[in-house]
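Please find the structures below.
Next come two complexes built around chain A: one with chain B, the other with chain C.
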Partner chain A sequence: MRRIAYRSSMFVVAIVSVVALWEFYKIVGPQDGGKFFGVSILPRANDTAMPHVWTMLSRYNRPEVRGSDTKIWSVVLSGTLFSLRLSLVGFFMGTTIGVGLAVLMSRFKVVQRGLLPYLVMSQTVPLIALAPLVVSWGGKLEIGSFVWPRWLSASILGTFLAFFPIAVGTLRGLASAPAAAVELMDSYAASWKQTLFKLRFPAAVPFMVPAFKLGASGAVVGVVVAEISTGLKGGIGRLIIEYAREATGDPAKVFTAVFGAAALGITMSGLVALSDVLLMRNRPKETSA
Partner chain B sequence: MSKKTLKFAFAGIAVMSLVVGACGGSDDEATEDTEAATEETTAPAAECTTPTPVKLQLQWFTQAQFAGYYAAQDQGFYADQCLEVTILEGAVDITPQNVLADGQADFAISWVSKALASREGGANIVNIAQVFQRSGTLQVSFKDKNITSSAEFKGKKIGNWGYGNEFEIFAALTKAGLDPAKDVTLVQQQFDMAGLLSGDIDAAEAMTYNEYAQVLEAKNPATGALYTADDFNVVSYEAEGVGMLQDAIWADGSRLEDPAYVDTATKFVAASIQGWAFCRDNVSACRDIVVSKGSKLGASHQLWQMNEVNKLIWPAAGGAGMIDAAAWDRTSSLSQTAKNLEGGTVLTKAPDAGAYTNDIVTAALAMLDAMGVDTTGSGYMPETVELLEGGN
Partner chain C sequence: MSALEVVSTSKIFNQGTAKQVDALVDVNLTVNPGEFVSLIGPSGCGKSTLLRLIANLLEPTSGSVSVNKKTAAQARLDQDYGMAFQQAGLFDWRTVSKNIELPLELKGWDKAKREARAKEMLELVKLPEFADLYPWQLSGGMQQRIAIARALAAHPQLLLMDEPFGALDEMTREYMQGELLRICGETSTTVVFVTHSIPEAVYLSNRVIVMSPRPGRITAVIDVDLGSKRNEDTRAADGFFRSITAVREALRGTHAEHAAANAVRGVEDR
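Right after this comes the complex of A and B.
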């Protein structure tokens, strides 16, 4: 309990310091930016470039557009929840594919040697180049009565970023079971499957949790970028780009959506951390091998 | 003020993260139908048994720039022609002419020079109606910079968007005898007009119906009031004689052999022009239609946009949608001659004769004339729109 109280107070302290730093810079920073040999290095501290924290926060409680009853917080909240759903779908698909590939690669060394370079290569494809392609392929896909919904393309891009760290982390984890333990399982004539579930997976958990955290934030990035790139309506990415257009006259507006995206990322990795606590609850602390 | 407000603010953050967290687990609703929000379809009229499905790909999100199509949908003009039109929004990485050439849309809205570049690249697309008869591109600068014509760009920092939206600037520079590489400093411009207001850019590229309104919606920190048109000089590329044709309806060239597709295209163009005529006569009703279709832009901004877009369409001497050969030739010759910074041009050779056709729009205008729709708008008078802060 004390640890939780400590950690949540640290969280608050972290936010307070960022806010303090922001407002401090607004006081001391140059209004029109700092230039050094004609190259601007210091950002502008004026209200258009850096609105006051309270301006941004109070923007949440004002209507999205004049004459509408919808306050901006509810728009941002529903956008965030929409993107959260897509990210979760992307994350679960990424987990399935990532863990599946890791098991396959740990079982057959030849698969590992053949596949791993391609996995690494896949991550060098720029997401913004991939996004319109996936939408276009999805639009052409019709399997029986199944019609590809547009949101699924965004989830697929989340999957694309999520599966890689999960596959690599899990693979590393599955290989981390101590040799002596593997030999013991062999001496019991344990099947490959038994060794996998009774030994390798439990041993892999410490490697899998950080990999899942990376995968979760990757899923968020993939979904938000896909939303921006393909203009998927309803998500936080779409809100960011729509509000950014109004940054000239209403600079605080775009920040409301940016904070929504940040909250989304925190929520996703928070969910993974929570599952970590639940998973590790009954696990005896390992003595170092 | 700060202490209390901040405290309230943190409470807000805490509450928000709790709510987000609490709702986090419900991924089972992920299959919720989002298509309905993105693609609105019209209900067919009663006497029409099997309406023809039509997909229209726009260049950007829902806004008054596309009001005519939304009005035709909302007012049932498409349904009257037995069409069931689905309007697909554009986005950052969606190129309408490619979507059309891919067969994922039946018609697309695109600027002429960009679509011709795609056509040169092998996309078989044909301009069947030139909706915007005039170019809406401006170069906006503060009065004290004294930039009233493109000749005065010399030595100035000129903002441009790139991605094929910058060729009127280069055409104007070429016409004024300036070298884009030496005589001006070209600055890559963002979505918003902050660069102009902060002085990073002397003259910023702006559309009459969007970015120009954005500067007029911004507060002048010196006076505390909104900027007014008196604070700026505006260079219009249309007035400079280098305007290039913009929003047009493009069709799939490979399907134009098919009489059924031509029939659909004629009906679609007719109903769309009817929609634009409706928006000419009902400016605020069209603003409301666009807002109801989910535009996030403010109401006064949207009304301004509607009014400015009308100015680009009306009056249309030869009938709305008719492709004017002189303007077409000017656009295609500027596309071949105006060199950008890298020395490139939009087109390397003149577009072939099949790049546009007036057959469809002529037939469509005849249909509208028979219905008594005014397709020239000779008596059109623009309204005066007052912008409010932030476009709200």
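Right after this comes the complex of A and C.
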């Protein structure tokens, strides 16, 4: 309990310091930016580039557009929830594919040697280039009465970023079962499946949890980037580009959406952290050798 | 009827290549039911290899291994033996009780029967109050007792142990030896026990098998006549020291031969 109290107080301290630093720079920083040898290095401290923290916060309670009834907080909230749904879909598909591939690769060394280099290569393809492709492929897809919804393309890109760390982490975890434990299972004449579920997966958990954390943030990045580059309506990514266009007239507005995206990321890693606490509650507190 | 029979068995690793290792050559060993046999010898003499051949974790290059008149492979499928290693090898994510139940789970026993047996085994190793703790909450000696309970959970007639007390301190080790003798006496289990320690081998065994390396083989068999009731007084008995001396001399023979062979070939000792 004391650790939780300590951690949450540190969290508040961290936020307060960031706010203080922001406002401090606004007081001492150059209004039109600092130049060294003609290259602008220091950011501008004026209200257009760096609105006051209270301006950003109060912006949440004003209408999205002049004369409208909807306050901006409800727009940002529904955008964040929309993107959260897509990220969750992407994350779960990424988990399924990642864990599935890891099991296949640990079962058949041939698959591991043949597949792993391609998986590594797949992650070097720029996401922005991939996004429009996935959308157009999805649009052409027809499976019976199934119609490819536009949002699914964004989830797929989340999947694309999520599956890789999960596959690699799970693969390492499955291989981490001590040789003596594998020999023990062999001495029981345990089947491959029994060894997988009773030994390899439990042994892999300490490796899988951090992999899931990476996968969850990957899913968020994939979805938000896909929303931005394909202009998908409804999500936080679309709000960020829309509000960024109004940055000169209403500089606080874009920050409301940026914080929404940050909240989205924190929520996703929070969900994984929760699973961490649940899965690791009966494990040794310090990692054993 | 013998509990275990190894007939002119050899195990060659990397046969026919430059890295060929003659781990075991022409080994014969018969163990009677209820007998306690120790395998002792310097590193690389093949004692662990022999144990793994008996457990069917390795296949012999030639010869045959039979357990209870069955092939070693069939005996493994039937779970005719239990096994314990130097590392207790308990699963961190299972409670003590669930660890003991593992082999029973794999055999498909139902929950009530498993729990009853785990309870019985915990009484046998005198740790009944620890059922719901996790292994990492126990000391090394307690973990090793749980590992023995797990090895005996399915009531096998044969127990194979690979330096199970090697990682324990001297006091715990002697206590564990006493406990092992008591447990095997109560369950009339046959034991094949690999060790590095001469007093341990002598204190526990009816017979000590002395092995030597390159190629791995049996060089001497020493009968230990200390009776079936052994206790802490046994460690001070004349017979105990006589047997220790006998084993030591047999081992010295293998060691001298070993050193001479190395001197001639100029091979670095591992």
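By our rule, the second predicted complex is superposed on the first by the 282 of 289 C-alpha atoms of A that agree within 3 Å, B and C clash if a C-alpha of one lies under 4 Å from a C-alpha of the other, contacts with A are read in each partner's own complex, and residues count from 1 in each chain.
As a convention for this text, a contact is a pair of C-beta atoms (placed from the backbone, for glycine too) under 8 Å apart; a residue touches a chain by one contact, two chains touch by 3 or more.
Computed from a predicted structure; not experimentally measured.
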| item | value |
| --- | --- |
| Partner chain(s) touched by A:A180 [first = chain B, second = chain C, both, neither] | second |
| Partner chain(s) touched by A:A273 [first = chain B, second = chain C, both, neither] | neither |
| More chain A residues in contact [chain B versus chain C] | B |
| Contacts of A:A190 with chain B and chain C, given as first, second, both or neither | second |
| Contacts of A:V221 with chain B and chain C, given as first, second, both or neither | neither |
| Partner chain(s) touched by A:S136 [first = chain B, second = chain C, both, neither] | first |
| First (chain B), second (chain C), both or neither touched by A:V103 | neither |
| First (chain B), second (chain C), both or neither touched by A:R150 | first |
| Touching partner for A:K198 - first (chain B), second (chain C), both, neither | second |
| Common interface positions of chain A, toward chain B and toward chain C | none |
| For the chain B and chain A complex, residues of the former touching the latter | 1-2, 5-6, 8-10, 12-13, 16-17, 19-21, 23-27, 29-35, 37-38, 61, 89-95, 99, 102, 104, 191-194, 197-199, 214-215, 217-219, 221, 291, 294, 296-300, 388-392 |
| Residues of chain A that touch chain B when the two form their complex | 12, 15-16, 19, 32-33, 44, 46-49, 53-54, 57-58, 60, 64-67, 73, 77, 80-82, 84-86, 88-89, 92, 128, 131-132, 135-136, 139-140, 149-151, 155, 228-234, 239, 241-250, 253, 263-264, 266-267, 270-271 |
| For the chain A and chain C complex, residues of the former touching the latter | 178, 180-181, 183-190, 194, 198-199, 202, 205, 282-284, 288 |
| In the complex with chain A, residue positions of chain C that touch it | 55, 57, 76-77, 79, 81, 83, 85, 87, 89, 91-93, 102-103, 105-106, 134, 136 |
